[in-house]
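Following are the structures in question.
Two complexes, one shared chain (subunit A), two partners (subunit B, subunit C).
For the complex of A and B:
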């Protein structure tokens, strides 16, 4: 056995891409498949740098379709396998990941969002939310963690492998170009020391014994002959998903109890919103902060509570309403006023969120609202 | 709660602004403080203005980018024009006096504008290769976000392998750091 990649705990300062690679090693991932695309390239660079020492493997494929399919192949063979991509690569990867949904394969995918549509920018966006949460053809039977800090990247990359293998749904860590390239501190740790046991993997194919005699035969299908056959399988999958969704869903929130307006955001944008809400509170504004950590499944009950409390919800994102649509669906029927701050493909600063809330809450408008209520 | 110090460093690709932003961030981290450094990394990185955003504080840092810097450093004519947008009434704006044709582009709304002859000093007294380390010294003095000895340790950490091969480089780099500190000290 090679030595453990992280002994105990260690405070480090590095880029998000390096964090992901190190977290995957700490999570006992065995093989990465990938095709280069900015801004996630360094994940495979760091992974390949570490692989001789820890006996790991890497396969560079000819494109992202292939990277996605080979990752499903690794999982079928019982390997803790993952891939990483971004932008147009994420688009191509939806086809194999749709097959992973069809076969309930626990693939793990890291996405570092870049600007879209098409090649757009190599820099940053939150425009891969719809695609990553709902996927290609199918029903979006997948789990998506949206990270905000390097600590999140480390924690949720490890967690993604366990979520995937425990529930057998494709699992995503949704970062972005800022998180990929920026440097900040975090604490890396040996998961075992935090009481995190890695869920054991097992092969789907090539298992011991005679099928039908020594064990149940393995049925792996992404093709059905009749509608009813497909419906029966999907009904079961959807029931399974709905059952575990509440235990998978995660969020972060503060100051929502007495908030008149709650700011909802995810990922790196939530850092700006968190600071903005703290500043606005100091200035006497009754604002709250809510961040879904899982975008799929969403923390629906908590969102509905927040929507029931606040008169106004302000959705802030670096996309033109991709999070907003998910939120609106989750809180359907709420009478809270929906407000937005959409900056597709562009970063959002604390100052801008503060300014937006103040614009909403300016005295003239507040008076009018008081009369209305 | 004290807000983090926000620093923008901008120059031409190759002037080394990203390297010094990273070294200062690492020095702050080694001091146990919170630091966040993010480069711009669009296509402009190859032959355009290179901008580094750096924040150092005592609490975890919020958004990686910001609108107004406490210290904004511009090292070329294009960088001066590009970074004017980050200047506010509390900003200390630092530029190199060797940059031509920018008199009308220098920010009028800054708290203070400091011109330092870093390009000239690096060429005449030291070596153009350590120009960015002079700037690093200037940033250290202007911001006082990290102790000079910790910055030295971070330089050693980053460039030590080069210093081992050529000890003169160590002297030259630390000399440049001290000169950068002096240049700003004489103006404050």
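For the complex of A and C:
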């Protein structure tokens, strides 16, 4: 029996990619499938470095299509399996992940977003929101956690395996190139010590007993003969998804109760927004902070509350409105004014968010400042 | 006036987030500050997300000759492969002090093989930078295994830290663990390095008797 990868708790310092690899080990993941792409490569590097010590397995495939399909294969065999990708690799993975949706396979995918479209940059963006939440030819029957810190990467990588296996929807951890590469401290822990029990896995294929005699036959389908057949299955899937969505949805918020303007952001950008809202509050601005942690499903009720409270919503993201579209759909009917700060493929700082809010709140003063500059 | 003395030729190797680049940059700055002629060479061709490029000009103003790509000279950074600059390949043939900042891990350490004269330079010292807050080098046994994997190493630097959350405790713990590992490996511990504030709290030597050197933070400004 290999030693436990993490005993008790430990304060550590490392890159986000290594955090993911270590969290996967702590979550008792058994196998990773993958194809290299920056900025997620070190997830594979660190996973493979830990293989011999903890008796884990790894398969490098010929591309992301194969990486996605072999991950679904691992899951069909009852393995706690995962893969990691980014950018154009994420695009390719939408096909196998659509199959995972069709078969309700608890595949876990880590995405470290890079610039797009296409190869663009290897560095950073939040431009994979639309694709990760709603990609593939289907209905987006999946769960997407958007992380902001290394602690999040650790916590939600572990959680992703449990969400996937509990609800049987493919589950994504949506990070980005900044989180992948930056160094930060966090607390690593043995999930059991925090009362987190890993949801047991089970094989979909090759079960014991004679099908139809000892047990129900396993029927795994991603293809149907007629529209009605498909419709019946999807109706059930969608009902299942809608039922568990409020249980799965997570968010972080503060100062929204009396806010006139609430800043909405996700992932690493929410760190800048959080600081900006704190600063603006100190300066007397009535601003609030809201961060959906799950982008799919969204915390719809809480978003609608926030939209009902604030007169203005400012959506801040390193994409050209990918989060904004999701928010607008969720709060449809709200009369809050929608404002934006979109910087596709570029990082956003606290100072920039503060300046944007001040520009909205005191346009005259901002104009004056501009003249002074 | 340039000081005439033995040539300093040092290569810094280590894990991601060990702090090897920070230690290398500080070493170059310190050498330049006492009037020595220093060339600092960016040899991270593993994956250059933290590189010397963004602080190249700043370091040049401190009198250091920096051999590193300019962003404008690269295409498809990190994706299209990384080419060793011709100047960097011949860096060891330069006169004056040479500080080499090497890419991470074993693959990084192999970069040294690409340098002309790396196998024969009599002055070349390879120092491995260790941070015990990194799980890969989180125990004495892990440190020993890690350093054995790297190939030829002349000394160890304890750079244990937790980024913004660094305290005296982690540095001192690091000193003791690195000392224990160094004994097993029969290697000297060259120094303990820590940010100025922490170094001041520890004093001139750490718990294990290693000299403590102050680090100014340059690397937070160097992301991509």
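Note that the second predicted complex is superposed on the first by the 362 of 373 C-alpha atoms of A that agree within 3 Å, B and C clash if a C-alpha of one lies under 4 Å from a C-alpha of the other, contacts with A are read in each partner's own complex, and residues count from 1 in each chain.
Following the convention adopted for this analysis, contacts are C-beta pairs under 8 Å (C-beta built on N, C-alpha and C of every residue); 3 or more make two chains touch, one makes a residue touch a chain.
This one's a predicted model, so the numbers in the text were calculated from it and none came from an experiment.
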{"item": "Side-by-side fit of subunit B and subunit C on subunit A, or clash", "value": "clash"}
{"item": "Touching partner for A:275 - first (subunit B), second (subunit C), both, neither", "value": "first"}
{"item": "Contacts of A:39 with subunit B and subunit C, given as first, second, both or neither", "value": "both"}
{"item": "Which superposed partner A:348 touches (first subunit B, second subunit C, both, neither)", "value": "first"}
{"item": "Partner chain in contact with A:85 - subunit B first, subunit C second, else both or neither", "value": "neither"}
{"item": "Which of subunit B and subunit C A:312 touches, first, second, both or neither", "value": "neither"}
{"item": "First, second, both or neither for A:113, with subunit B first and subunit C second", "value": "neither"}
{"item": "First (subunit B), second (subunit C), both or neither touched by A:49", "value": "second"}
{"item": "Touched partner set for A:146, first subunit B, second subunit C, both or neither", "value": "neither"}
{"item": "Subunit B versus subunit C as contact partner of A:163, first or second or both or neither", "value": "neither"}
{"item": "Footprint overlap on subunit A, where subunit B in one structure and subunit C in the other make contact", "value": "13, 38-39, 121-123, 178, 181-185"}
{"item": "Residues of subunit A that touch subunit C when the two form their complex", "value": "10-15, 18, 22, 38-39, 41-42, 45-46, 49, 119, 121-124, 178, 181-185, 188"}
{"item": "Subunit C residues touching subunit A - in the complex, by the definition given at the top", "value": "16-17, 47, 49-50, 76-79, 105, 131, 133-136, 138, 161-165, 170, 223-224"}
{"item": "Contact set on subunit B toward subunit A in their complex", "value": "1, 22, 25-26, 29, 34-43, 60-68"}
{"item": "Of subunit A, residues touching subunit B in the complex", "value": "13, 38-39, 121-123, 149, 177-178, 181-185, 268-269, 271-272, 274-275, 278, 347-352"}
